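Here chain A shows up in two complexes: once beside chain B, once beside chain C.
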Partner chain A sequence: MEKNNKDYRLREVKCPSGFTWANVKAELRAIWEANVKAWKIDFAYPVSFVRQLISPVVFMIPYLLYGLVLIGGTYSENLAQLVGTGDVVAFIFTGYIMMGFIGTAVWAMGFSMRREQWFGTLEAIYVTPASRLGQVLGMALHSTVHQGMGTLIQAVFIYVTFGLGLNMSGILPALLIFALMLFALYGFGIVIAAVSMILKEGWIVSDSFYSIMTILSPVAYPLTVLPTLAQQASAIFPTAPALIGMRTFLIYDYVPEVVGNVFLHLLALGIVWIVFGVFVFHLTDKYVRKKGILKKY
Partner chain B sequence: MSLKMCVMLSLVVNKSGEVFSIQTVNLTKRFAKKRHRGVFGFLRRNQLDRDVIEKNGVTVALNKVNIKICPGELFGLLGPNGSGKTTMIKCLSTILIPDEGTVRVNGFDAQKETSMVRASLGMVVGGERTLYWKLTARDNLMYFASLYKMQRAHAKRRVDELLEMFHLSDRADERLEDYSTGMRQKVTIARALLHDPPILLLDEPTLGLDPGFSRQIRRQIRELSEKHGKTVLLTTHYMDEADQLCDRVAFINSGNIVAVDTPNRLKARVKEKEIVEVTVYSPPADIEERIRSLLPDAEVVKLILGDEDKGNPSRIKIIGGAAEEHVGTVIDALRQKNVRIGSLNVGVPTLEDVFIKLTGAKLTEGGMQ
Partner chain C sequence: MMQSAYEQSSVRSNFFVVWNEFVKNMKFLMAYPIIFVFWAVFPIFWFIPFILQGQAFVGGLESASFAQIAGTEDYISFIVIGAVLNSYVNTLLYGMGESIRREAVQGTLDYVFAAPCNKAYVLIGKALSESVSSTIFAVSQLTISVLLFGVTFTLEVMFPVFFIVILLILGLYGLSLVLAAVSLMYKQSHDVSETIGYFFYIFSPVRYPIESLPSWAQIIGKLIPLTYALIIVRSIMLLGTSLTEMYWEIFALLIIDAVLIAAGFYMFNWMEEKTKRSGTISHH
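For the complex of A and B:
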């Protein structure tokens, strides 16, 4: 049986596209739903979910104990000479918060596309009209909230057990710095997500960048203890300036290791990393579709 | 009708007034072959290797494929594993970017208007893991509805409708890990229909399903074409499936389209009594050669190996010449080699016979599902 094709008309497709408010709303909803989906999958593994919530506390304790034993208390004269404050607990706690969010960018965001590849759903996502960046940003949203919850638990635990003392009046500017840092960090996370689609062994990419950023961010030591070249290199990642800026507002008597406008620095980094990230992501998207390696692991 | 839609229609209506849901022109896709030489292989790579890679390093998955599929048509793409069926589907669905040629889907250029092409398509890929097993059927569908940019209220209604249509409503809130393979495949098809696309790409939709579920899926595919007016491109290597379902069938082999026509017209290319099929058990490797030497006028003598453990005996197909008159010769040859014969059929050509006659290649190993 052959159909008379003149009896049929092509059908109009209703799908928002381009720079329209309807499309922006649809893309934002896709990001939100990717975040909700990630939570639902997390809740399907309750033990793993709880472990992830308490792991920031568990991982931080050795850092703190190590420092306290070496110093012989919570006050370090040497630290005070370098950055004005000798409060080791506040110094390490603020640094460790940053480590958690570096993980958000390089692990959660960086792995977002690979995770879909592992689930077997990446091609199904690719044939939908929503932007693939939505997957990465949905995962960023999910992981930021997840990490935020872990950080709160961490803060309460450190306050109760080690007597954490922070300047609460500096919390708002510190949060603003933090938000600017996240913006730049998301751009960085998009780059990792793109690169890991080509290199496949995504954990190597994530692990390498996690190590580099942890060293270049003054998590448990002042930036000035690093070689000059490393100090200069740290300026291209948002975590070092953000950490120094946040400590300025949160820790009493803290004297920043570097001078300059942290807000402008982070804003510039944010724009550069986001633009670079989206550019690399689109190039990678084309490359994997050209080479046919989307599904390959 | 929007301006964009008007433009789109004008693009796909050619001079004779025909409209096409899917049209490919000289569609070509090549893949680089990768040679693995072990961990330290790169040290051993020499000029000779480089010459070999340059000469033979490319697989042509699709070779200047031209296909026109009309709106509402149920079109089958039939070919053996590795013939280029999935590559074709991936090029149409924008998962792959072709090396040469153009693809138009619902009037949209697949390279320039990817978003609209994706919105025009629903795709089903055979295989187990294309959904989130840790989510329920409803959650899966709601999530993909957001990726198809559907509004939440509309998506909810549509998901309920589809769950009802596929008889999954009572288990809609169970995780997919508790579903059978067939039920999961129904969810996959429901996902492809979420945004009510005019075109469906079904890549081996009954792969791995038991006969009962396969029948249900085939019935639903037929309904989607006939009742809902969907254009369906179905790839399969199950010839009966294509024969039962499709308005037209294209044979694809090694990336080339070798024939396009209705199943009946294709089958008419092989006359009755030109076909002899013998099912045999444990045939020796040289039996094909032996029979061919005895029947010089036969166009094709093909041994299609089966899987006897799964109840699929091997088959010997003889096509062309006066095959029917040579039945005695074939039986004698098999007896001489002590081959046990299961059955012997003469006549009634199938699509597989046509495919074998046209290409010399076999469509399936182990016969039909």
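For the complex of A and C:
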């Protein structure tokens, strides 16, 4: 039976506007559904899903084996002189946890909009009465949990293969630091998502940022081995202070290479990156719609 | 013996196919200069953390412990050679499968397959362009490494090294033909490429000597062409070994190349026939 225009008009849903509890709930639901969609796509490709789960182990092994061959064991005298602890396994493991989450921000979040473009669903998402940021944050939620699972596998692997001596009493403050770092990384990821909407070859931007952040984050070495300028630049990304803070709580005898309040540093970075990210995203959102370049790639 | 006119024209037209496929792929690469610059420069950023890690753990530019297993104390040159040769894997392994897939996405794969020529020459053209671009990227990375990290090599060793790189490329051709075949049949060869890439990364001595792996992992590593290429090139460049002293490794590399190329051509022809029959060539 054909419906007339009046029937359609009766079923119209008003676009949410303003900061109300109902709108916040609706946005949260949109984020959740974007997350569910990402999981469904993951499970549709089981080989890819498993490969991504074990990738944190695969990419950490070279750092570990190389480190062990360099010093002929698991204790480095030079590392102990630099940061108080010579336990290279604990040092690399705590550092390498970050690598995956940098990938979460730069690749998963940064490419969430571009992926919809490839699927041909970006325009459909754009006409829904929900914030486009919901798509990015939904992907962030999915990717954080996915990466968390990979990190758990990584921890089990390291514990079984090399033995892992961490100070478990420091796990709560370390988790708090980790949460603050994620908050700031999400802001950074939103910036990348915005940039990838404009640039045709956005993967180059993502890869470049990933590489630079990896070097500026003290993943497998203390910050002090970097040149002074690079040490200063590392302060604008959340991974360096987060790593130093987490190692302080998790590794016995660790002496932080940079003095300062990690919690306040990360909180400030989180606020700045989120505000900056949302601002850039909204500007880009307006720009691509005005120019009509949404579908171009 | 003189060639017949038909044979002469056949050789010319096959060369024409290879050359034009080569030119087409190079034009694609040059159309995106930022991608060209990226591959020429950015892989260096991927191994800088290993150099910094070495300095933090050892406190200098040489490691006696490293020499006990790797034969050289100079871990920076070890890492640089590993990374540069591994860049051939990155470009060739993913490049061939992706170039077939790109034809499908662009809607030109049907035309390529309908062309009255042997498809092997199309693939040779693609492989040739990937090899040339990989070599340009490798030379660029090596030059930057020499300037940035003070890595020193004599030009004299470059000829035997170039010979080994050609042998490595041949093995990777075989493997990428297999991937191209998978791409034709299953459309998404990306996961297979990534998984093979993982094997290369873990079981080949890219970042560490193969002797540091458990014995079962060393056996897997010795089935990979990159392993032999790395062992030979490092022996020549870092330990001053002559090419003739490495005859066993060269022989092993040749055997692996032959097996991979034969398997690659067999699989590609088989998958091509299968996709033609099923009418799914242009699907993606």
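We adopt the following convention: the second predicted complex is superposed on the first by the 281 of 297 C-alpha atoms of A that agree within 3 Å, B and C clash if a C-alpha of one lies under 4 Å from a C-alpha of the other, contacts with A are read in each partner's own complex, and residues count from 1 in each chain.
Assume a contact is a pair of C-beta atoms (placed from the backbone, for glycine too) under 8 Å apart; a residue touches a chain by one contact, two chains touch by 3 or more.
What you are looking at is a predicted structure, and each value in this text was computed from that prediction instead of being measured.
Visitor: Once the structures are superposed on A, label A:Arg29 by its partner contacts, choosing first (chain B), second (chain C), both or neither.
Guide: first
Visitor: Would you check which partner chain A:Ile215 touches, where first means chain B only, second means chain C only, and both and neither mean what they say?
Guide: It touches chain C, and chain B stays clear.
Visitor: Kindly classify A:Asn78 by the partners it touches after superposition: chain B alone (first), chain C alone (second), both, or neither?
Guide: After superposing on A, A:Asn78 lies in contact with chain C but is clear of chain B.
Visitor: Just checking: does A:Val258 make contact with chain B only, chain C only, both, or neither of them? Give me first, second, both or neither.
Guide: Neither chain B nor chain C is touched by A:Val258.
Visitor: Report for A:Val145: first if it touches chain B alone, second if chain C alone, otherwise both or neither.
Guide: neither
Visitor: Would you sort A:Leu226 into first (chain B), second (chain C), both or neither based on which partner it touches?
Guide: second
Visitor: Please work out whether A:Val47 is in contact with chain B alone, chain C alone, both, or neither, and reply first, second, both or neither.
Guide: Touch partner of A:Val47: chain C, not chain B.
Visitor: What residues on chain A does chain C touch that chain B touches too?
Guide: 45
Visitor: Name, in rising order, each residue of chain A that touches chain C in their complex.
Guide: Going by the criterion above, the answer is residues 45, 47-48, 51, 55, 58-59, 61-63, 65-73, 76-79, 81-82, 88, 201, 204, 207-208, 211-212, 214-215, 219-222, 225-226.
Visitor: Quick one: in the complex, what on chain B touches chain A?
Guide: 1-2, 5, 8-9, 12, 17-21, 29, 31, 70-73, 87, 90, 93-97, 106-107, 115-116, 118-121, 123, 125, 127-132, 134-135, 139, 142-144, 146-149, 152, 175, 191, 195, 197-198, 229, 247-248, 262
Visitor: Give the list of chain C residues in touch with chain A in this complex.
Guide: Chain C reaches chain A through residues 32, 34-35, 38, 42, 45-46, 48-50, 52-59, 63, 65-66, 68-70, 75, 79, 191, 194-195, 198, 201-202, 206-209, 212-213.
Visitor: Going by the contact rule set out above, which residues of chain A touch chain B in the complex?
Guide: Its residues touching chain B are 1-3, 5-17, 23, 26-27, 29-30, 32-34, 36-37, 40-41, 44-45, 119-121, 123-130, 134, 286, 289-292, 294.
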